[in-house]
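Pasting the structures in now, so scroll down.
Note that chain A is present in both complexes that follow, paired respectively with chain B and with chain C.
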Partner chain A sequence: MHLLRLYLAFSKVNFLTQMEYRTQYFLRMVTKTIAWLTGFILISVLLYRFRAISGWSTYEVLFLYTLDVLSYSLAATFFLSPFQNLSRNIRLGMFDEVLTKPVNPLLYYMCTKTSAGYVNNYIISVVVLGLCFKNLQIKLTVAKLIALVIVLLGATLIQSAAFMLTNIPAFWLVKSNSLYRLFFSNITGFLQYPLSIYNRSVQIFLTFILPYAFVNYYPAQYFLGKEEYLFHPLFQYLTPLVGVLFFTLAYFLWKLGINNYQSTGS
Partner chain B sequence: MYLCLLAKTFKQQFVYRSDLFFRTLGGILRLYIQVCIWTALLDQGAAEITLTEMVTYIVVALLLTGLIHSTISYTLAERVRQGTIALDLIRPVDLRTYLLCTQLSENLFSLLFSSLPVVLVAVLFWGVIWPTLPNLLFFLLSAGLAVLLMFLIEYAIGLLVFWVKDGVYTDFLIHGLFSIFSGTTIPLWFYPEFLAKIAYRLPFRLITFEPISIYLGRYQWEESLRVIIWQCFWIVIFFLLAVLIWRKIQKSIFIQGG
Partner chain C sequence: MSLIEVKNVSKDFKVYQREKGFGNTVKSLFVRKYQIIRAVREISFTIEQGELIGYIGPNGAGKSTTIKMLAGILLPTAGEIKVDGIIPYQDRKKNAMKIGVVFGQRSQLNWDLPMEDTFELYRRMYRVEQARYRRNLEFFVELLGMKEFIRTPVRQLSLGQKMRAEIAIALLHDPQILYLDEPTIGLDVVVKNKIRHFIKELNREKATTVILTTHNMNDIDQICERIIMIDKGRILHDESLEHFKKTYTNYYYVQIECAADSKAEVDPRFKLIKKENEHKYLYAFNKEEISFQEVLLYFAQNFELLDISIKPPEIEEIVRRLYEQV
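Then we have the complex of A and B:
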């Protein structure tokens, strides 16, 4: 409880600093919205002509994509800025500060860098989700709503773990953001369309090695009633579990990284 | 002088060898994803295009986007924000030429070392279509013009940063418009009519879609010629626009920090 209050206090300061330049913030939101909308538009354009891709209709694919965008945005709110700049912060010796505070380092590091820049994404995502439910005639019962929240939490944990895992090598190597860039500009590209269109080895990779398919593909089967089980029907319920496990792994490596950390001393 | 800049940029890029590896890997993944998507789509029948043609489209689009990749509007923004633009303005080199040269050498570098492996993968696994000689010549000409056009668009819009003070906006704006209206990921043949109509009025289709159509032999030579005339037209427009904006800036320049 104490930690939560602390976190809220930090976030408030953070949000307020970012909102200080009101017009700047607004303009940034508008352009960001345009940029993020292109993903949705391109999917709609492609499927307008082809109607479906391997049995998934336009709104089903949009639903898939929205789960990815929303969980990504939630994770990015807390993890993008701290971890994207981890290698720089270490190099410039700014990371020392994090370790000298009497709070859990990860918590402190996260909440001093929380971003206010994803509000537009939450809005777009919720609107598109609503449109999907309406057009696919899925009744949003209380049970489904709770399931949706839980799935989003699990997916957000997976995405957060990915932010951490791709940047933690910075503790050992001085300059390392190619892994991060490869991951978030290419590997996440697999998530836009159903996993079933890819090769078996990709399906295995994204399920068992890098469990990214649990962000959207498997839970979407549950919500959309798809019976396209690649491995086992049970997988559609596993997102929260996978999220917790994957995040624990990332946290463990983060601990290892901190123990290994030696200040650059500048 | 240009050659000197080119050599320097090449040297600079070689320093990051692991970076290069990851970029190549990224390119191959992107190719693979695209091919999978189109295989699934074209499997459903209903196509005015074969898979080999589409693979060729994807590969050439990848090469072209590699060539036109530009961080110019972003670089401009950074320099304006930090005030180092003042230094650029007093250098004895024209800012526009300088930006074009460094960007182009960076792109040639990545074309040579990270795009060619991607092409190789495509040729080995799926096969591509080779163009006839006249088509190839027309394609090369229009690809060159496309690079110039994209650069001028980036530059002209990038100059707006002197007023908006933050390159993120201009960058996002250009890339958003480009990805919707250029037909790079989805050829304009597959666009719904009203969107295609808008796309045909804008210059973005001339950067990847039209050169690739020429490459694939979709056009008679009169049509190819028309594409090239359109490209020249837009080049002149954006050139004049940039000059106009530049004049305005010189009158009212305001350097931050210094």
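Then we have the complex of A and C:
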């Protein structure tokens, strides 16, 4: 309860801060909206031309994409800004502050940097998700809705862990943005299309090494009733478990990192 | 049990060496040489509740490193630290409730909002009840003179105003210990005095233990009761300010101004420190060797005096001399 109230207090301050620069805030919203819409449109155009990708129809691919965008936006709300700037904060010694607060360091660090800039993403994603369900004639029962929420939580944990894992090396290397860039500008591109169209090694990589396929591909099998099991039919239910495990790993490394934090000279 | 116990604490840093030249830069991508720098070497001390400590030493002596270990930010490589019975880096949350930290070079304030908003946030974070919060805020606003800028966005505040806000925010939860790392750096005399006065007052009102690192000897002189001096990671002195001054203050200064250009040879017991012009000289003497009376007599007889003054050494002087020795 205390933490929740504290979190709300922090959110209020963050929101007020971002409102200090209203124009910038709305401009960012607009650019991001355009960027995501472009993504959706591209997929639609592509599939309009080809009808289907290895048996996945337009709306099924859109469903994949939306799961990715929505969980990414949820994770980014809390983790993007803190972890994108982790290496800078470490280099400049600004991380000192985090370790002298009576709150869990990760929680404090997230709280101070939570972003209010993803509201548009949520709205677009939810609308597109609705369109997908309607056009694919999937009935959204209460059980399905609960499953969707759980899957989204699991996927968000995976995406959050990825934000953390790609930036935590900064505790040892001080400057390390390359991993993060590689990951989020290249590897996640694979998520736009069903995993089954890729080479076996990519499938193995995105399932067992970086379990990114659990963000959208495997849970989509469940929702869309796809029976193209790449490894095991059970995988379609594993997203929450993988999320918890992947996040636990990230948290463990984060704790190691904190204890290796060297601060700066003064 | 003392409030702070530091036993044989050392801290090593790995420092990567960079060599000149493009070839070496490429090489360093694969093999990097590093050196282990021992920033703090087996230091030990204890501090009691309510003490006002000046932690001094030249740049790079290990002051900040020590403070950061006490605050739980850094892990010591070896040795034991206990702050009010807690190992700070193991129990950061509990430790944080007991301490207030101000790093002169860094800010805890939200740049874009008035400081009152940040205060409110800290009140929640440290779970300070409204009544106590109001009382503390009043006390700080009054003593630090912050009334006129409490609703101004922090980015528009002057350095002195910001520093006062930083100190206030570190103290909202009534910590037992306050770590101040160069709090007066870059401030004007008026604000410096305000801050010094405030720290004294705080210590009297709430018995807050204060550990202060500074290069400004006036800070030490006016705030501290005890001096711990560190250099190259080792503690050189740990004693009361009074004792410290007494031990190193045999040397007094005598400044004279004489009418005519004095050709007379000066007694070798007076060491010429500075010759400002043909008429103005500054000498140092050991008061064990010559009494004040003798000094006055000597100069009165041998010079055509216009002015004479005898001054005890400033603590800055003493410390500078000590730095030069080490």
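What we mean here is this: the second predicted complex is superposed on the first by the 260 of 266 C-alpha atoms of A that agree within 3 Å, B and C clash if a C-alpha of one lies under 4 Å from a C-alpha of the other, contacts with A are read in each partner's own complex, and residues count from 1 in each chain.
Following the convention adopted for this analysis, a residue touches a chain if its C-beta (ideal position, glycine included) is under 8 Å from a C-beta of that chain, and two chains touch if they have at least 3 such contacts.
Predicted model only: the values in this text are computed from it and were never measured.
Once the two complexes are overlaid on the shared chain, A:Tyr198 sits against chain B while remaining clear of chain C.
Residue contacts after overlaying the shared chain place A:Tyr261 against chain C, while chain B stays out of touching range. Contact with chain C, but none with chain B, is seen for A:Asn104 once the two complexes are overlaid on the shared chain.
Using the contact criterion defined above for the overlaid structures, shared-chain residue A:Thr248 touches neither chain B nor chain C, since it reaches no partner.
Of all residues in chain A, only 2, 5-6, 9-10, 13, 16-17, 20-21, 93-94, 96-97, 99-105, 259, 261-263, 265-266 touch chain C in the complex they form.
Contacts from chain B toward chain A in the complex involve residues 16, 18-19, 21-23, 25-26, 29-30, 33, 36-37, 39-41, 43-44, 46, 164, 166, 168-169, 172-173, 175-176, 179-180, 185-186, 190-192, 195.
Chain C meets chain A in the complex at residues 13-14, 60, 64, 68, 71-75, 89, 92-94, 96-97, 99, 101, 103, 105-106, 108, 110, 112-113, 117-118, 120-121, 124-127, 153, 181-182. Listing the residues of chain A that touch chain B in their complex gives 24, 27-28, 31-32, 34-35, 37-38, 41-42, 45-46, 48-54, 178-179, 181-182, 185-187, 189-190, 193, 197-199.
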